[in-house]
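Next come two complexes built around chain A: one with chain B, the other with chain C.
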Partner chain A sequence: MAVQSSEKSFREVFIQLPSNTIDFFISFVDVFLSAIQRLVGLKGMPYVFVLPNLLVFGIFILFPMLLNFAYAFTGGSEFFLSERPWVGTANFDQLLTCDNFLDPNTCTQDRFWRSIYGTMSYVLGQVLWMVVISIITALILNRGIRARGFFRSVFFYPVLLSPIVVALIWKWILQENGLLNGIIVSLGYEKLPFLVDAQWARFWVIGISVWAFMGFYTLILLAGLQSIPADLYEAASIDGASEWHSFWSITLPLLMPTLIVVLVLALIRAVQVFDIVFAFTGGGPGTATLYIVQYIYDNGFASPNKLYGIAASASLLMAGTLVVLTLIQLRFRREEV
Partner chain B sequence: MKRLVFILFLALAMLLAACGGGAATETPVAPAPDEEQATEEPMPEEEEAMDAIEIRFTFYADGNEADVMQGLLDEFMAENPGITVVLDVVPYATIDEQLPVQVETGEGPDLARITNFGAYQGKLLDLRDYVEDPAYFEANFPAPILEAMGYGGFPDGLSVTGPYVNKTLFDQAGIEMPGEGATWEEWTEVAQQVAEATGVEYAISVDRTGHRFAGPAMSMGATLIDSEGNFTVDTPGFRAFAEVLNGWHEDGITPSEVWLVGDSLNSCIDFFKSGELVVCMSGSWQINGLANDVGDAFDWVVVPNPTGDGGSTGVAGGAGFAAFADTEHPEAVGKLMEFLMQADNYHNYVSNVLFLPAHSEVASAGVDFQSDNESVLGALSTYTAEIPKLQDQAVALNVHPFAFAYYRNSANRIAQYLTGELTLDEALARLQQDIDDAIAEAGG
Partner chain C sequence: MGTITSFLTRTRGRGRLHFTDIITYLYLILGTFLMFGPVVWLIFSSFKTQAEIVKFPPRLLPYRQETVVVEGYDEPLPLYLVTLENGSTAELAQVRRIGLESQLVDPANPDEIIKIPIDQREPIEKVVFSFDNYIEGVESFNFARYLRNSLIVTIFATLLTLLINSMAAFALAKYHFRGREAIFFIMLSTLMVPLSVILVPVFLVITTIDWNNNLLGVIVPAAATPTGLFLLRQYMLTIPDELLDAARIDGASEWRIYAQVILPLAKPALAVLTIFSVMWRWNDFLWPLIVLSRSEFFTLQIGLNSFQGELNVQWNLILAMTVLTLLPITLVFAILQRNITTGIATTGMK
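And then the complex of A and B:
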């Protein structure tokens, strides 16, 4: 009995002590919040609650954006804004001066335009393949296949890897004396220039990024597929609809809101691509896989003589493009809904 | 409301815990009774500890430089118990890309091992005000390098570019190595014959940087820098070597990943170390790495730079120890730099890392290199013989304030030419524009 009583009291103390401590601190904080509420009123309290996050957003997102905006209108190689001369739109003029916009060789900043065309080609290819493969994968994983959970994990696993790790692994596989060429040679064929031929490099950059990120989009689409009521398919089946007809008339329309989210996310992420390509090809061969973010990085950070003004201007142009793309997508979404 | 307050409290507590890490470590701890007496009458050692100065030294290494430097720093700290030197070993990319920004914003280290001597003008500490014997400092290092560094540091060695050759492959092929005075075309042909005879995949290559490209180009007659320090890239010699390099790629005798993959410095030395390449044009700083990585897998030698219309020249280069003007401890930094520049210590460093000395007293006394590897000693001897042959522009290049603008842009533009994106005319015009823009942007 004595032992039981001792255990009980220990349990009570074990539970009550932290509980009392928490109660004390809650009351303590309550005093402060009540004081603030008296000061700003009940209607002002939501703003107090969002203030910490707003501060973080302001310091780490909004302020650098404003700073970037200011840098875009300055020249020189000095770091501090106060030491940089105002050049107006000279950086934009330099970036946007071309005799023929379709031929980067005629542009003052030919590498900028090569990176723009490279990014456009990458975005089109990558987003298209990403969405198509993600839909197909999600449709397969949504069916009652064996070891479904295992396959879902397998497709999601690359998302957990660092893009740099992904790039280095694939570089090891695809380099001239890499694993894949080793297999090709062992089968009696000639090596293939996976990294040093422009077409091959572009192909693999898209292939690897689809492989690395499709798990994320597949997961979103899978959630969208599972939210479609099963009785719609049953009704369609009773009416004699084929699987293709069901997909076209039920799955696709009901999946469209999710699909647009996926499309917007994939599009934005594709325009921002940097790390995986930088580690994989470094933008080469030549400028075959040089994309806009690497162009900005090269000018602002990697170049021995830092061209912050050019880098900031290019990033503003990129931000403008992203805003336009997002607005188009939103407009499209509104029309769909 | 209480639930909301509880959640807020937890969030606040987590925030405070996250922000309070640094403060927590500074929380004073009450001294134990037997410690209290000691605090009343501090011992001399404790007095020194209280006055301890910490100096941060950002350092990169290609071989064993960091280990050798750590040994020297330990010696220095033993002699100067009030000064702690922390050696931060970083990749070269950090020195190349991040250090200039750190220094510009006043967040840089006290010292660093740098290669871009001209990049820190006005940012380095004039050591003549902080060493006991400024005359010794000025007298023992090459004046162009000291001037480029604003007397804020000194070179930790003198490097020269030149070709490494896999001697074992030549022996196996039964082909004689071309002697001094052979041209790049002759070396290309012979290396190709050796590669074919031995079944080795690649014959010849050069590191992907304008620095290593410059030596062969100058040997073929390029006048890259004139007497006033102006860059001119479109010269017959520069074109000639660009065409030679393009020929290597078209013939498939060079590891094309060196020039075509990546956007920064790539070296052919890894292909050479793995025995896949007959000739690799790199530089003297690779000796230590080769000695360690190749071991006795094959014999390698350094040969004199091939000859052309412009003679035979490599390009001078090297790294240096730089002290930054923003340091809070200029006296301690001056003391450390003076320690490192002393002939004994400098000799200790270069003899262990296998660098050619840039210190005239050490050079004239001779260096007892700490290696019994014949390839290493032969390479050091060949590179030493290359120094008197260096053209003036080959010495002036690396200390030029815009040398690195040339190095990086030339590699990128030549790579565009090699892939067919640009013609040679276009590539050279773009390169000239890149360098001119960099100079104009910097107000030069």
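And then the complex of A and C:
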């Protein structure tokens, strides 16, 4: 045999080898699954196909969800369920005992209520800014601009960065002697306590999460805008509609389904926010940016005496909220159709 | 009013530059600045020395004071531009500083010590992109090990997700069987309940099967993604059933129909799920944080988090390690950006 050229070995390694491996894998599995097919017949095959997904799903999502109920009604700091005493609704009582629900100081679990109010204000602010900025950016990207692909990627890039990287980048910029304070001082103003002051910390938590995620929503909204047929606008302008008018009566209504998807996704993700804030402020200063998932994490994993019961009850309450949000969304969708 | 409206509606025709076009490009330039600026700032900062990093107000480029080796001194001495008493200036090397007085020597004439007040000297600096921070950082930040763990988790979790999600999606899209609606509904309803809400019980399951400090504990639990299942099923619904029937007449087994008829046709949807899965797994934080507590199993994200939490770690090292952590995904994005953005925009949200 002749000496192989390097080009051929390249093909062998990167194209033929994987495809041979895949072929081999398919034939290998086929031996088993054909035998199973002879055993269970055509009617049984769909169950075979859903089985792996269902197993993983059942063991790691569905079963734990049921276990969560058991944890929520037991107390103590033992980890294994068999060693935990049944306490009834004591955990919920503890979480939900307040003299005045509007004032977290009067609650037995004041951190829980602080985290709830914190999450609410975060969700409101973040979703609002996110949607507004994403729409504006999508509208701009949808104009007849040059290098649209490039700019689309520019806004998408931070989406790929991990929460911890995003948090560190911004901590570096916002720290006392950071870039932003440097700019402010060189303009002749005083330094601002971006990470030390509670209000500023809340503001920047919203700011960096919008910075990190807006590209994703912009992309979805842009796809929605581009699916609006151009002849609608032509027809409208022939009929003498002003462009302002066609924005309100064509763009907005036809974008509505996409907008609702974006709104719901943003809402659900905002309620679940954890990693980016955890790495950025750690919930501080004080409890200024303590949100509900971090409250659960703190109780179950970070505090010295682990209150698994409290963590589980809090997560049940949170899951309940998410289900309500989902139901509202389904209702919206039905009205839409 | 008219100008605002044309700004808000669709594209203007080609031709002369309207002032809304100027606003558009200003917005895009500002956006580019805001999106890339922080990362560029991070990269420049990661090359700065300890002394430069605490300097306020900060400078963009990584400056470093020039040094010179002077006969009779073991260490290289820092160079200063000094204004002498007679008004002339000279480049001198500082031997030591005592209070407000600086003792310098002329590198050409190292025996004679010149004493001046410190406000009459200025450091001579040049821009140096030095990898010192990176070299020092990886001594305690085990980049190679974390990268290996991250790659293992991302690759195997994505392969597993693609395999089991597509198999289940195939069954749900192409067969009528008892329980189909129930399975689909249960899986979709958990779309809203994330892993983070059931932290404690999943941790119990993981502990019971002894997957703590095991990459399997990070790879497997989130593999059955409802999002992926939904996406693939919707896509497979559009593949005509006739293709399956034709393959069956040819005697193909159901597995071969799935693997050699359906999967090749579902490539666009599989590609989108691959992008999502790689993004999720590479950046995954909360889950590995709980499952992995021994540093030899850390992924990059967890490693970086624990590195920044360690006491006495300097910012310049943290910044360098942050750059290392964002480098792989940035390279992938730079190569595949068009496929990624169009993929998500077109198939992602159907």
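Here, the second predicted complex is superposed on the first by the 293 of 337 C-alpha atoms of A that agree within 3 Å, B and C clash if a C-alpha of one lies under 4 Å from a C-alpha of the other, contacts with A are read in each partner's own complex, and residues count from 1 in each chain.
In this text, a contact is a pair of C-beta atoms (placed from the backbone, for glycine too) under 8 Å apart; a residue touches a chain by one contact, two chains touch by 3 or more.
Worth saying up front: this structure is predicted, and the values here are computed from it rather than measured.
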Chain B versus chain C, judged by how many residues of chain A each one touches: C
Task: Considering only touches as defined above, state whether A:F203 meets chain B (first), chain C (second), both or neither.
output: neither
Query: Is A:Y189 in contact with chain B, with chain C, with both, or with neither (first, second, both, neither)?
result: neither
- prompt: Does chain B (first) or chain C (second) touch A:K43, or do both, or does neither?
  reply: second
Message: Contact-wise, after the overlay, does A:P52 reach chain B, chain C, both or neither (first, second, both, neither)?
response: both
Message: Is A:F101 touching anything from chain B or chain C once the two structures are fitted on A? First, second, both or neither.
response: neither
- prompt: Is A:V29 touching the first partner chain B, the second partner chain C, both, or neither of them?
  reply: both
Query: Can you list the residues of chain A that meet both chain B and chain C?
result: 26, 29-30, 33, 49, 52, 79-80, 177, 301
Touching residues on chain C, where the partner in the complex is chain A: 1-2, 4-6, 8-14, 21, 24-25, 27-28, 31-32, 34-36, 38-39, 41-42, 45, 54, 56-58, 163-165, 167-168, 170-172, 175, 177, 180, 183, 186-187, 189-190, 192-205, 207, 220-224, 229, 253-256, 258-260, 279, 282-283, 285-286, 290, 300-301, 304-305, 308, 315, 318-319, 322, 325-326, 329-330, 333, 337-338, 340-341, 344-346, 348-349
Message: Residue numbers of chain B touching chain A in their complex, please.
response: 1-2, 5-6, 8-9, 12-13, 15, 96-98, 100-101, 104-105, 116, 119, 201, 255-257, 260-264, 276, 402, 404-405, 407-408, 412, 415-416, 418-422, 426, 430, 437-439, 441-443
Complex interface listing, chain A residues touching chain C: 26, 29-30, 33-34, 37, 42-43, 45-47, 49-50, 52-54, 56-57, 59-68, 70-71, 79-81, 136-137, 139-140, 142-145, 149, 151-165, 168-170, 172-173, 177-179, 181-183, 185-186, 211, 215-216, 219-220, 222-223, 230, 233, 242-247, 251, 258, 261, 268, 272, 274-275, 278-279, 293, 296-297, 300-301, 308, 311-312, 315, 318-319, 322-323, 325-326
Message: Looking at the complex, which residues from chain A come into contact with chain B?
response: 22, 25-26, 29-30, 33, 49, 52, 75-80, 105, 110-111, 114, 175-177, 193, 195-196, 198, 281-288, 290, 294, 298, 301-307, 309
